């Protein structure tokens, strides 16, 4: 175990390094830790993906359910994103109803997917006003090594890419049979930047994250569109700092996308 | 802030005054504090009303929903009253599920409206056995300056009086369009009397309420019918004391009704 | 009151006795305490039974409800067993949502009934795929004198035996009228054995139970079939010990069944 | 008492209670308990305390908390009740606990809680009164010092007739009124009073009179139940007698209480 | 500022805010409070603290916790909201609390909590900004030392046009973007920033500029509201002035803050 | 072992387990952990402790609490599971925790808690056994002193044939029996035993024999996983070895345990 006081000390150390533009683990400021991706981790899921970014370990799984469309969009299905910080992920998490941390995580991952319009909700319709697919995406945090937003976003996108649409007979889903795949029009991903003092850097470790003053997550697509933003923590950003993050976001997201594509290619 | 210890000291003072038949703020025993009423406080509500009685501040709002009638009264709609003691109303309230205080408040306000039969539940029917109006009345306590029962009852009645019935097309409510108004056959109101020592008085301030031994709320209509009663707190009343409250209840409720009518007239 | 420290002291004493193959109350190791059974304790229940085993006191009641069959067994009804440790049953129980103790109790009672196949779920069907009986069995623990599993199982079986099927008109249950009785093909019951040191014994009192190392509940029918098992507590059993329990289980369950039959005969 | 053409469904007179049976000391793990049958109503009440109130921040340094929990079993009503406590149960718990607090010498037990759990297993109108009636017997059984017992009883109206202790059928009348009440019998002070339905002031006075009368009958049944228990115990258990003795003294002698507690002549 | 052919539903210019009215000190039991009307939006904010954080294990020995609770009344929206707080409300509470924390001198109040409750009673887009804007006025009203007020404002896009402070109709546009933001005005630092919708980097820069501008307008309204309160109090209450005085000083003098707090020139 | 005409859906012999793979130390923030693949089942287990049990009133001054939490991910089953823990998960958590407690020297850690979290991410029958099997490896990985590992395995019946480690298809047979069990291998004592379905006493004996056999095979896999980890660590980290060493000693030497703990020859 590395307890939380140890992390705080490491946080202080991280701070000292970052003040000099360096990082404890030798990475450059905008460099991500090694990433490993296991698509189709769970066979019972309609799509799933396990992602490790350094020590961070998250598992996303998808279950498609048949539900009624919302009254104000009778010809659309929908997505629903949940996140659970499992209590094994960190000494301080507790079992219990989703708290504000997991709710924020789920909602920002949701926002990045939803607002990019990569999923055409109209294609999720089964029967107007009465039946449509609800794409349930659940992310489980198994080990919190920092930068959960990017790892979760990557796992959710990976799960969506490999997701299959269950076969329907009458009103019911036929188990273990599929009628096709989910179609995605782009690959939206979150990249998150952290600020300690005046230094901005990507992919914080847990000790760096604990020492961070502020955080900003930017969702973007390969078409260089920003589709989501979320500033977090009690620090502040200047306009220039935010613009610097934006400049990096497209580059970094492209890197993550190609890592994901490689993993998917290796799988099939 | 006036903290709770301060209130207790004021409670002792209130007690001493009341023992001599007097009140700290100079009111007579059965006199209400100044009342201000803002009907239609919320445009998104189908009916709403903000009421201040002295420092006490409550906001009631109505939303009409379409639901199924109860199986044992297939040709009737219904009402549902909720109350929330917001945590800003007092230093001691907490956010969370409704506790026994707010449940009692909601149920006594509900009882006064329901039992007076001012609303004809049969007129809330839309389609026998399948569709009827559910009149959701929610009362938010914004500042607890004492005597929440009377303020909440007044706000709920005010909201009902100005409430409009949404227009329906097919199975759905058309937003921002209305097909008429709720019809009320009378104006039921709660008046609450408090007891400290052997003194009975109306409209307690928060300090008086904290010092009170017992409380009795009486719901009545302009036809001098009693439609609800609720004794509260760990004190006791003799029969004579209760009868004395009843004698006052019609007079005081008439006063409140005319204040409400004036406010409504000013509004329109 | 006998507080929990007192029970622990009694537990030590029970332990000392059991080490010599004896019990404080003079019973033999496999002897049950006196049992009293009151069938039809609650008239509003569709079936009910109060059972006392020594100081242990539990009340089981049944309510039949109309529900939809599960999609994967469209021609079957079902049962649902709940248990509530009321806070009056012991100084240490608290009001609140069902905890792991009451959930385990309910699930083991459920298992014994369900797996014995005494109820033919197909006979609970009212209309294929849309309507079937759900047999709700709720057990309330009123006084915890030890061995709740056997007392609860006995009460649940008693309630099932006397249970009547409500009369239906259209989609609704007609109050206070019945169309027949539930048919049971056998009389499954739990018998529970406790272990302290190397001594195995039946029907523990609360002090014996608090001192027990391990517990094993065995569900069986009059046809000498085992239909459920549940080992509990942090102790261990050898194979020989378990087989010894099995040998006793049929004999003891037969005793309990004849006590139940006598009580039912006395009732009618 | 009054004559009327109204015939009650169960043939009772308008001022006649249903059959009531109270048995104290029915539980072994609670500090005090009572079982009541009141017509079809069946309730068991268990009392714990005075014991330390936990968590600490709820403690009151000037008096014991009175925590009354009223619950109905899922199968105790015609239509199955959810196992989750409803708003009705929570409201009844609150007002019943306040009614009992008025009788208990709470000021003697700083930082303590007195927990009273009342469960209904069968029902047919008047359950809160049945439970409350059993509760003060259970408190006496637990040896908790009280100014008085707290008998409860409802008054109702059906088909224009005021009646005591209405049954379910009467509670469902078109013009039904339901007024549960509970008193401290010695001075006939009201400690619980609720009312649903429409009444004129004159009707209310009559109803109240009927209710007082009903409560006084319930009081006699409560005292008899405690006395019988007391006598049966006498032969078995010397120590338990003393505690109950103190209770009975407290209930029967009048002059003493003002000195002992904060009781004020109403 | 900019010219456009796009006509806003309520006739506003693209850089024009809806009408905003802020009234501090509207509650008597909270330590500080404010009422805000922002177009149709109506919110009341109450502040308590700094007070001891409970239970103890949540206390932070190096700073005060900032607990922000954003809630919408059931009737404040077109379709009735459940009384239970939703995930949206919880997320907004979290980011708004973080935004305010950046302005408060939390390091001065070890083991304390500052509780901020913001309730919406009517709404039409932009509620989180309205609540947050009222909240820092309520904090000032409570005399809680801050580096700066926190004005908030949303930027949006409708029919291809970037606009400040979108109304509901604009928020529902086919190509809608919604970007709520809040700043510390003195150095124009961003403390809250969220975004839904698709934007290019160039559009974002324009949007951000509009938003900054909007926030600065809101800031003026906040200061005016506090000042008016301050003046009205002056005539009535000497003691209350001093606290607010300190607040205003803190907001208006620049050089001092770096010395007092951990403020760093951005 | 036995011959039969029954053909298993996956071609296994009746006493053959599915493929099992166990990897210890897969998490960095937990004190100990393990990953298990058991056929299609995939579980991750994390262990924390011994650490102070909180809130204080749950502490036991004579031993450590063992808190086992078994959960299934929403997508780990054919039909989506609610994110809320169900009654089945709570029951399994309770009996699995009791089984592990029998192996841990809990009496050495007064007022402490040992928290074990087991999450299933894919499933096909036998999940509680897979999770429990991984859990004692994770406990060893955390250096928590144990009398023995706790291998688990289910026995079932399908089409009249008793089988070890049934798969989902077999679990759904018309005459299915499911009997999960876990043992302390050294003395073959049973620490978890549950059963659903109808069995005669004779069948039970055969089933139990099959189950014991299965558990012993699982035990070998557990030991191998720990040993491999131990060897791989040896080259890297001197300090970690000592802790695991102690574990392995504890597992392999027999005579010592009775002296160290309260272990009694069964």
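For clarity, chains are labelled A, B, C, D, E and F in written order, and residue numbers in each chain start from 1.
Convention: contacts are C-beta pairs under 8 Å (C-beta built on N, C-alpha and C of every residue); 3 or more make two chains touch, one makes a residue touch a chain.
None of the values given here were measured: they were computed from a predicted structure.
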* Remotest chain, chain C as reference, centres from CA atoms -> E
* Asked: Which chain's centre, taken as the mean of its Cα atoms, is farthest from the centre of chain B?
  -> F
* Asked: Using mean CA coordinates as chain centres, what's the chain D-chain E distance in Å?
  -> 53
* What is the distance in Å between the mean C-alpha positions of chain A and chain B? -> 48
* **Set of chain C residues in contact with two or more other chains** => 98
* In chain D, which residues are in touch with two or more of the other chains? -> none
* Structure fact -> chain E partner, complex, touching residues on chain A are 98, 100, 103-104, 106-107, 111, 115-117, 197-198, 216, 224-239, 241-243, 246
* To do: Using the touch definition up top, name the residues of chain C that touch chain D in the complex.
  => 1-2, 41-46, 48, 55, 57, 59, 61-63, 65, 82, 84, 86-91, 95, 98, 136, 138, 140, 142-145, 175-176, 206
* To do: Can you check the complex and tell me which residues of chain D touch chain C?
  => 26-31, 33, 40, 42, 44-46, 48, 51, 69, 71, 73-78, 80, 83, 85, 115, 117, 119, 121-124, 142
* To do: In the complex, go through chain D and note every residue touching chain B.
  => 66, 87-88, 90-91, 93-95, 98-99, 101-102, 106, 179, 184, 187-201, 204-205, 208, 212, 264, 266
